[in-house]
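Same chain, two partners: chain A is paired with chain B first, then with chain C.
Our next item is the complex of A and B:
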């Protein structure tokens, strides 16, 4: 019985704690001031001032939205913040500008051709802002009830009671709606709108009638009047959809498939052409507005020659997004050919790009970043521990040092300390090998491993160097 | 569209402008106020629409395709000439497959519609409005309304072109549109509204004005000109 209750608690927790800490979750923007000058430490960004300034200029270009089809290459050694800059750019653009992030290798594993995958990615990065009349439910929440069907694990059913000053209605909710209600932390007394077609929930504020409830009101709680009249209204709302979404809606086979699997299926080029002409028509009539977004391709050297030549062509289109690529390669073989080229990208495409370099961080900057990560990972670290960690970062890699933060804090917790000390860092440093020490270790004990190729022992690192 | 506007304008400007003999004829014919409905855009669009007729059992189904690409289906009872159902095809602006929006008559049962696909919908026990016209009345039937008749306040509102139903216990509120009157440009008369409450159902009745009655009669005769489709494909019969 007790374990059952515990399991339920666990489930409840899993719903409320959705956000996990990712490698770049500390980044909230590019850290630029109004004049697009980079601040030393801001919004999770540290150092890399030139690259950030360049990103700021690109940001301005995207915001103005006039220039289509430019390509930007972020080039730099591993762990110099290329992905971080791209993420910062995405955050700075805000949620209204479409930002598609993909890895270069992604296109090979999909059940569609490479060019189709790229086309979809490109079309996902172009937004259309369109006015549409849609059915909106607007009211004050009276009650939210979520019940789990008997037997456990079954489908949840939910009931939502909403009211206006003139009426009251009960609604049944599906699983997704329940989840998004819980995610938005909707509770009795909130005034919300629900878009009936998309299921999007918007919290307007708290009802004035609940103004005297002293609990559960934060400082930023906004009080609004309880709506009047009917609960369901037809309202003109501005939607932002991507071209890809419009494609999907209009391709019947795909739409049907999407019901079951939610993805894949190639979209016919005729449909795309139809959509393009329709969108052009809307734009002429002033019904819709195009928002060119950003397509970010990480590990761009993983693309092959076909993709590059396709991109060359695609970038020339009027409705192309700004494409940002990131690579950590030097002069290397272009995938799919035997030719070598800087960054593994053909020269004709490189010629169309503006290249933003990122440089390795200084020790001071590394310390700053580690400090930010400590905060992000909720870990108290003593000053000398941080200094040691910075040493580790300069001598091995930043990524390895970041890995040590949480592990060290867990070790510290084991000995019931509130702060991570130098000893904890040293302990995890001895527990977990970094790449160099691991290599060293392998070289020493190569013979004892299975399938060891003694003669080739010296070749491995050399090959690596060539490919870099 | 332009031609229609011209006709109405010409009527108002006392036949001063030069017109073809045909137009003159048309205008003279409809000038008497009883047939004013023939000058409404609605009637004209019905005339101009591409119509397909189909007879099935005791029901005559007419499919209209209007010039602006909208589609409508009407179903008449052959014996009583009463309109049983009128529904419009709704097309999403982004081009998604449209559903049928029922203006008059029982809603079309939809097999797929469940809580899993729509995510949010009114509970089954909530009030539901249904249009069901009789020969002389426009009718709204609101099921699942358990409150006694004194609770309801039914007011015609000409500014918003609808009947507003409110309840004293603040449990239900609804604006009922009257597209039939709006289309003919007629105003709502409070005196024509009646209501009754029985078996958890509130019935609101609005007496059809003479204009509307004339028009419906006229239009039903007009529909006789549409040749019904004889052979119905087998697949359709099962529906």
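Our next item is the complex of A and C:
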């Protein structure tokens, strides 16, 4: 508890963001101005203006808490920035809003049922804000005096002098305080905090004023400023925790270590109910605030009919997070049924959604994105190499072109060049096939491969459909 | 012209509030200083053996009865605690008002009621907060 008081001024603990792929690490936000108008190139975002503007409106609704119980669908071809927009939205929401990112296929695990996985994802996306408060005494030690009664044993008395930049005062100490001071090896020049409720002492470091006391100091010597203001302070720390974290801690069989091992298993519904009622009680007393966050499900067409109907119901609950789904499918079969539906999502759920389309990038935008990725990957690229890459991106795919950046820069490094030239790009283009050329190659030589059973032509992509 | 007066009015209100916040913080420091001095005095009175003690009131030094001095100091301590606490809670409201004037979002969780000691202990022991 006192260690908390010692923690630096970080008031709100951030929620760890899990980034699924590094492909979007260059995204810092949605790139909108104050009027929610998208800037052409900003915060790593390029083009896709309509979708970004739509995402900006959604962002505003989330901030005002108006969107609970609804969902957003980002629909568009592969490589049109659906995940990028979701990432940008998460960044723009700030570190305090829980954002969970998962792929649709993550729910198919052997350890837990599909609905359990979804429930956990939903509860990971709901945060509660709580505050703890403590009275502490914080100051730089001017002097510690310990007097021992003559003849060894007997009661000891001591005096501790503390100061801040504004005041200085003496404290008389009893045996217990002396003991803990000696245990912490507190000496003049240390900056310490004492928790008033528990009496726990915490060493923050040594004062800068005493930095020259010794010629040699250990590595662990940390220098801090002499505290300002009053000696007896009130320390308030606001924590944001997700409902899932509270669930895990209270599910007795696992304990809090499960938080770190990631092995949480299934959580009993009674525990969830208990926690819900406790949180409701806290909210009633003004001790907790609910923060509905965002749950992002990529490849949403991988969910099956059970998940969709579960989501349908879960969105009704009053503390539901905003669910953002992304899919690159057109009219396709809903998993687990024989019915076809737009985006592979049942019509009743689709009806609840706000659908945001993304469109393919133009050549100019592709060049801009490749340029940003070059910067992100610390890769100097010559102008004509970038033009060639843009050409590759328009003809094959953006993802393939982005992969060429890294490989080309490695080739350039091999020949000890500082800049990636056109030749490097050409070389890796011939070394690594894109999906189209690979397919062509396979078609040409299919007889020489094993188990070739593609008798006709044009059946290729269908085989990739995941069977039940 | 109208715009100018409006801007001026706005700036005055912001500065006034900011100044109030700063002076409140200063006030808390001064009160805490007095609180610590009183505490030291009370401590010394416990240890003292004589029946009367010297008390400074402003610049006047007065010899005063020990018992009533103690009572005076204790009453002062109580009042100081109350004053510091009211200043602190008012400070929160003022900070949020100032942020509102400056078009900033309120500090998250500032107005929350703190968890009780027992609850914080349970939460920190379970590793949820640290």
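Heads up, the rule we're going with is that the second predicted complex is superposed on the first by the 324 of 468 C-alpha atoms of A that agree within 3 Å, B and C clash if a C-alpha of one lies under 4 Å from a C-alpha of the other, contacts with A are read in each partner's own complex, and residues count from 1 in each chain.
Everything below uses one rule, namely that a contact is a pair of C-beta atoms (placed from the backbone, for glycine too) under 8 Å apart; a residue touches a chain by one contact, two chains touch by 3 or more.
Bear in mind that the values here come from a model prediction, so they are computed numbers and not experimental data.
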Exercise. Mind working out whether A:241 is in touch with chain B, chain C, both or neither, as first, second, both or neither?
Key: both
Quiz item: Of the partners chain B and chain C, which touch A:336 in the superposed model: first, second, both, neither?
Solution: neither
Quiz item: Who does A:173 touch here: chain B (first), chain C (second), both, or neither?
Solution: first
Quiz item: Of the partners chain B and chain C, which touch A:78 in the superposed model: first, second, both, neither?
Solution: neither
Quiz prompt | First, second, both or neither for A:159, with chain B first and chain C second | solution = first
Quiz item: Now for A:249: first (chain B), second (chain C), both, or neither, which partner does it touch?
Solution: both
Quiz item: Which partner does A:194 reach: the first (chain B), the second (chain C), both, or neither?
Solution: first
Exercise. For A:129, decide between first (touching chain B), second (touching chain C), both and neither.
Key: second
Self-check item: chain C-contacting residues of chain A that also contact chain B
Solution: 130, 132, 166-167, 169-170, 172, 229-230, 241, 245-246, 249
Self-check item: Contact set on chain B toward chain A in their complex
Solution: 92-97, 115-127, 166-167, 170-175
Practice problem: Would you pull the chain A residues touching chain C in the complex into a rising list? | Solution: 1, 3-4, 7, 11-13, 96, 129-134, 166-167, 169-170, 172, 197, 229-232, 234, 236-241, 245-246, 249, 256, 259, 285-289
Quiz item: Which positions of chain C touch chain A when the two form their complex?
Solution: 25, 28-29, 31-33, 35-37, 39-40, 43, 88, 107-115, 117, 120-121, 123-124, 126-130
Practice problem: State the interface residues of chain A toward chain B in the complex, per the touch definition above. | Solution: 130, 132, 137, 157, 159-160, 163-177, 194, 196, 199, 229-230, 241, 245-246, 249-250, 252, 255, 275, 278
